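Given below, in the form of structure tokens, are the structures.
Okay, so subunit A shows up in both of these, paired with subunit B first and subunit C after.
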Partner chain A sequence: MAKGIFIIVEQRNLEIRKVSLELLSQGRKIADQTGDPLVAIILGQGIDGLAATAAASGADKVILVDDAKLADYTTGAYTSVLNKIIRKEEPQAVLMGNTAIGKDLAPRLAQRLGVGLASDCTGMETDAASFLVFKRPIYAGKAFEYLTSNVRPILATVRPNTFALAAPDASRSAEVVKEAADIDAADLRAILKEVAIAASKRPDLTEANIIVSGGRGMKGPENYVILEALADVIGAAVGASRAAVDSGWKEHKFQVGQTGKTVAPTLYIACGISGAIQHLAGMGSSKFIVAINKDPEANIFNVADYGIVGDLFDVVPVLTEEFKKIVK
Partner chain B sequence: MNIIVYIKQTFDTEAKIVLDGSGKIDANGVNLIINPYDEFAIEEGIRLKEKFGGEVTVVSIGGARAQEAIRTALAMGADKGVLVTDPALESADEWGIAETLAKAAAKVPCDILITGRIAIDDGASQLGIRLAEILNVPSISSILKLDIEGTHVTAVREIDGGTETIEADLPVILTAQKGLNDPRYPSVAGIMKAKKKPLQTFSLADLGLSAGDLAPKMSVQKYTLPEARQAGRKIPGDAAPAAQELARLLHEEAKIL
Partner chain C sequence: MAATREVYWNIEGEHWLYLLFIFALIFFGYGVYKRVQLWKLGQPENRWKDVGQGIKDIIVYGLGHKRILKDPYPGLMHFGIFIGFLFLAFATAIITLQADFHLEIFHGWLYLFIKLTSNFFGLIALIAILVAAYRRYIQKPDRLDNKPDDAITLGLLFTILITGFLIQGVRIATIPDPWSAWAFVGQWTAIPLKAMLNEAQLLSLHRFLWWFHLVLAMAFIGYFSHSKLFHILLGLANQFMRNRGPIGIPELIDFEDESIETFGKSQLREFSWKALFNTDVCLRCGRCQDNCPAYLSGKHLSPKRIIQDMKVLMEETGVALEAAKEKATSVHADGEAAAASEGEEPTGRALIGEVIPEDDLWACTTCRSCEQQCPVFVEHVDKTIDMRRNLVLMETRFPGEAQLAFKNMENNGNPWGIGWSTRADYLTGVGVKTFAEDPGAEYLYWPGCSGAFDARNQKVSSALVKLLNAAGVRFAILGNEEKCCGDSARKLGNEYLFFSLASENIEAMNGYGVKKIITQCPHCYNLLKNEYPQFGGKFEVIHHTEFLLDLVKSGKLKLSRAAGKSVTYHDSCYLGRYNQIYEQPRELLKTVGLSIKEMAHTGEKSFCCGAGGGRMWLEEHEGLRINEMRTDEAIAVKTDYVGTACPFCLTMIADGIAAREVGEQLKALDIAEILEQAL
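After this line comes the complex of A and B, so read on.
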């Protein structure tokens, strides 16, 4: 009988990523409802210190797989190790973040386990008949589907910023189990040669609480400095519309929308963005939307909580100064 | 070098989504396009053929209308088309589609298979990687750059906040991210030629599969549409006082800052 809710905890430079902590927080709530143990699985090298963080965030048990071959993520090695642990432990559900790693790992793991996968979920509820029901956006958020799994374990990746972080409880302790990394040779065929992380003091677009985004109204790549100044006062990420990316002003990794990133920050500030349906699909589930646009008829005003009809080059610098007064 | 490009026909990104009487996504009157990420895959496949020789076979799974998508890829420069079409595939999940595609891929000589990193309709982003697992080959997902020398593949892929470089030997499966290339438009001559290029159609039975083999692992309970957002308020006045008022509202009323 399958038992347990497993969270595949992602670490980067020996720090647990925020989405994994969000999953432990939500996993704790679900485990309390279903009576299942909440188990954190952490892969990497030199990761002993992360067990206490996982326990404080809600895990009843922490499985550590510590090996030089797992220091950096590779599809094959991580699939090899996780497949064996999951087959041995037979959990009800296995959850991970819909990050670059989650997007690459989860389909491979699902296929090896012969199970389905609910990817990029933005909601999860317990259900008497199917254990868990997942809500996930389709058509980039123009509609939602609710998925259940007919087999066990249930696999899902969950979008960052979906679940609230619970305050860590340092008095919590967890059983810590160390497993050896049992990696099949066939899973080492793709070799990681180099990792290049762009030096940025700004948060990742998909994990940011606040995003300041610029569109065609920015008029050119040189003008993004005024958005960056605003973003840095409030710890925001900087995004762009497809129009700005297709004009070559920003790289595609900054694009928000149906053919870019789908984001759900607490606050989205759209500057010089008209609000095409593809853009709204990518940011429409933001909790709070602010629009600054010269065109009073711009579609973005139909979804904005606060709007200013005006020239962003006049509005944004004043806003930056006002934010400085508030956050100092 | 023989290349398979898997493409999916999707709704146009302009499409407004509505539900039909039975609560399902209504495809009536919707413009269909090649999934934009699959266009990068087609372009990369054609470039590999132009460099190394061989053939590009475009494979799709879908209804009769998916032939249009395959013809477009053939007009861009792909050589052959394969469409797997069967009513039983309508209820298949990502697992079942991957199993079906694996059988279809086995009918075509292939050193490298490329597809888009995600389909903009279901947003599942699973197929290429699942297929690699079935075919027991390495996969490199979300690639931005590709170099092949002999049988050695070097690809740069996007990760959160940066990139990584992965090496593997053929055969491999790759999924294409925006930025990999700039897809060409079909030329008039290409469109004429495409009409004469071979397009084979397979049913599940042709692939040795039955509907029962594809019993889905996942079930859709229901579809919903997002609640319409209400337009909020426009802050009147000149730029400077409006910006000051906006900052005050975000701080005091919305309590975000």
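After this line comes the complex of A and C, so read on.
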């Protein structure tokens, strides 16, 4: 009999990613209702210390697979290891974040396990009739579908920022099991040589709860400091419109829009962005949009929940000062 | 005594020339055979379609040099060489008839005519060859690359002409006749020869030159099919076989046909023989490259290089197959080797990725300027789309940005992913009825995704609606039943997505019995008009510039004239080169009193805005921005407006104006918006 809700915990630089903690928090609630054990699976190298974090966030059992070959994510190695563990443990459900890694890994696992996949879910509940019911937006968020499956395990990826984080309980402890990394040679097709990342202490655009974004109205790369000041006060990521990226003020990885990143934060502050359709396509599903623009005719005001007609160079510093007073 | 001369004067043993001629013919024939074998690597395709039009095209584009002369400097140079050798070939033919077939025609006025024209046009060809060498080796324009063949051919032609004139000069110096003045170049040549040499020397020099010239002429024939000289025939053949009618209609893929195992083309031998033939027709003149927005903006893509690289692969494939065959016969395992050679590149070099970089395939805006400028009608763009199809449908390998556009088109029927159920909102908001509400409407108004969703282009829609209402036109929209026409999807190689969008649109329109369609988007226009018939959608499709001009001419639309403002019109590729609509938008602009100034690239040579071929949805990572280059051209002519007739062009030029921060002096407006001001 299949048993257990398994969370594939993503870690980066030996730190558990927020989306995995969110899954553990929600998983705990559901496990309490169904009586299933909540199991965290962590892959990596030198990850012993993460077991306690997973336990504090709600895991009853932590499976650690510690191996040099798993130090960095590679599709083949992770698939190979997880496939074997899941086949052995036969859990009811396997969940992971709908992150770059989740999107890469989940479809492969589904294929190996011969099960379906509910991808990019924005809700997960349990009820009497079905073990787990997943909520997915369809038609660009115009409607939702609710999915469940009779096949075990149920495999799903969940969009970041979907579940609230529960406060960690340091007194909790979990059974820690270490598994050897049994990787099929045929699966080791790619070797990660080097990861080149530009250092930034701000959150990732696609994960951020708040994004402060600047467009052509920024007038130059040097002026982004005023957006960064605001972003740092409210814990936001900094984005840019295509116009600003084209002008060379910001790198392409900061670009929000049709040909850049698609984001859906709770709050999107658009500064000096006219709101061309190409930009709206990348941020239109943000929960709240605040627009700051000199031009009252700017299209961004048509989609904004709050609009400030004014020079961003006057408005943004005032906002920063005011937020400083509120956010301690 | 009639004017003539003795053909084999001072020559003995002339019958040896027949032996030489036979050798030359063998070399010629061997060259043709080799090339034909290579072309036969391709798939069958019927290009023998319209003989009458084919002959007309040979006359206009071949003999008439219509496209070659559009680039005056190299055009005139080429024409000089062409006309010289045309008359010399005529002269040689007449002499052959006289000397070898004993037809007594080489005398009288024909003799004098030949003497004069050979001298005059021969001299022009000689000058043109010098100009060609100067251009190729001293000026070195970027679009030319030099191979030994170029130098050999120029040297051969030059030496043939020089020795020809010298032979004539020696003859005139030795036995002047009353008609020497007709051969004026020969007469000039005779003066120094006569002064320097005695008669015996002249006679032996003549004999030497005569044989030398003859050997060169035979070398010309033998070398012909192994060199660029072959273009004299291949170019004409390609003009004869060119595609006529609407250009750039991608090949139909039948998704119902379950026997098809691969989509698109990833291997040389999947292309038709005509595609391989094209690579031999290409003379490397570089007109395509010189007009390619991708190349000019610093992308790696060059249409010329693609064709030439395919040619190299074709030759390598020929050699590799030959080697495989030999190996197979030596081990008596023909069947096995033949089987192994099917389905993979025998050279071991992949067409996509190794011969042609993938980025090159994605850099193309499908503006078709390359094809428009090509004097011999080489077809570049269809090959690109065939290869994109393979990458998308078979390999799922395409720029990341395209994935979002594809997904959005799939889910919401528009590239931005805006809710499909809001498509009608803007236009119904300005009072337009849907076909469901007004089934008797004469015209379907097709705003396209931009006209329906994009705030900037919604203004164009509203202007057009006002104009149509002012002219009393009864029209309606499909509303939420309209979907993206699928142009970007198709040109990006996602034929399957295109097919499903097109099928749904055609079904919706046929359901309402739509007959006539007005649209403001040249991409929708071209697709609905020229490509939907492939899928059973047969409609009369009218671009708004055509329609508005008709309304103005018939007096139904009355517009005021206001003098003083100036405009430059940016030709949309899909309107101009794809559908030959160049004049209607300009006439409309003149109607409202605007003075038109043309940009550096205009009409057939118009420079793409950068958004065609699905590039609208992709990032431009390499080189300059095409839209900004085009905007710079518009800024340079110093007008009040840039007139556009395409939503993509409008977006791209408006972006360019914003990037250059010249919004105060230059406004990008659609023709409909300009006309709206004159209501």
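Simple rule for what comes next: the second predicted complex is superposed on the first by the 242 of 328 C-alpha atoms of A that agree within 3 Å, B and C clash if a C-alpha of one lies under 4 Å from a C-alpha of the other, contacts with A are read in each partner's own complex, and residues count from 1 in each chain.
Methods note: contacts are C-beta pairs under 8 Å (C-beta built on N, C-alpha and C of every residue); 3 or more make two chains touch, one makes a residue touch a chain.
For clarity, every value in this text was computed on a predicted model and none was experimentally measured.
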item: Which superposed partner A:278 touches (first subunit B, second subunit C, both, neither); value: both
item: Touching partner for A:258 - first (subunit B), second (subunit C), both, neither; value: both
item: Touched partner set for A:185, first subunit B, second subunit C, both or neither; value: neither
item: First (subunit B), second (subunit C), both or neither touched by A:167; value: neither
item: Contacts of A:142 with subunit B and subunit C, given as first, second, both or neither; value: both
item: Subunit B versus subunit C as contact partner of A:216, first or second or both or neither; value: second
item: Winner by number of subunit A residues touched, once subunit B and subunit C are compared; value: B
item: Contacts of A:133 with subunit B and subunit C, given as first, second, both or neither; value: first
item: Which of subunit B and subunit C A:307 touches, first, second, both or neither; value: first
item: Partner chain(s) touched by A:151 [first = subunit B, second = subunit C, both, neither]; value: first
item: Common ground on subunit A, meaning residues reached by subunit C in one complex and by subunit B in the other; value: 138-140, 142, 252, 258-260, 262, 277-278, 284, 302
item: Sites on subunit C touched by subunit A in the complex; value: 401, 404-405, 408, 411-412, 415-421, 453-456, 617-619, 621, 625, 651, 655, 658-659
item: Subunit B partner contacts - residues on subunit A that touch it in the complex; value: 75-76, 79, 99-101, 103-104, 106-108, 110-112, 114-120, 133, 136-151, 186, 189-198, 200, 204, 206, 210, 234, 251-253, 255, 258-260, 262, 266-267, 277-278, 284-285, 288-290, 296, 301-311, 314-316, 318-319, 322-323, 325-327
item: Residue ranges of subunit A in contact with subunit C within the complex; value: 138-140, 142, 216, 243, 246-247, 252, 258-260, 262, 275-278, 280-281, 284, 299, 302
item: Residues of subunit B defined as touching subunit A within the complex; value: 11, 13-17, 19, 25, 36-37, 93-95, 98, 120-127, 129-130, 132-134, 136-142, 154, 158-169, 172, 177-179, 215-226, 229, 231-235, 238-240, 242-244, 246-251, 254, 256-257
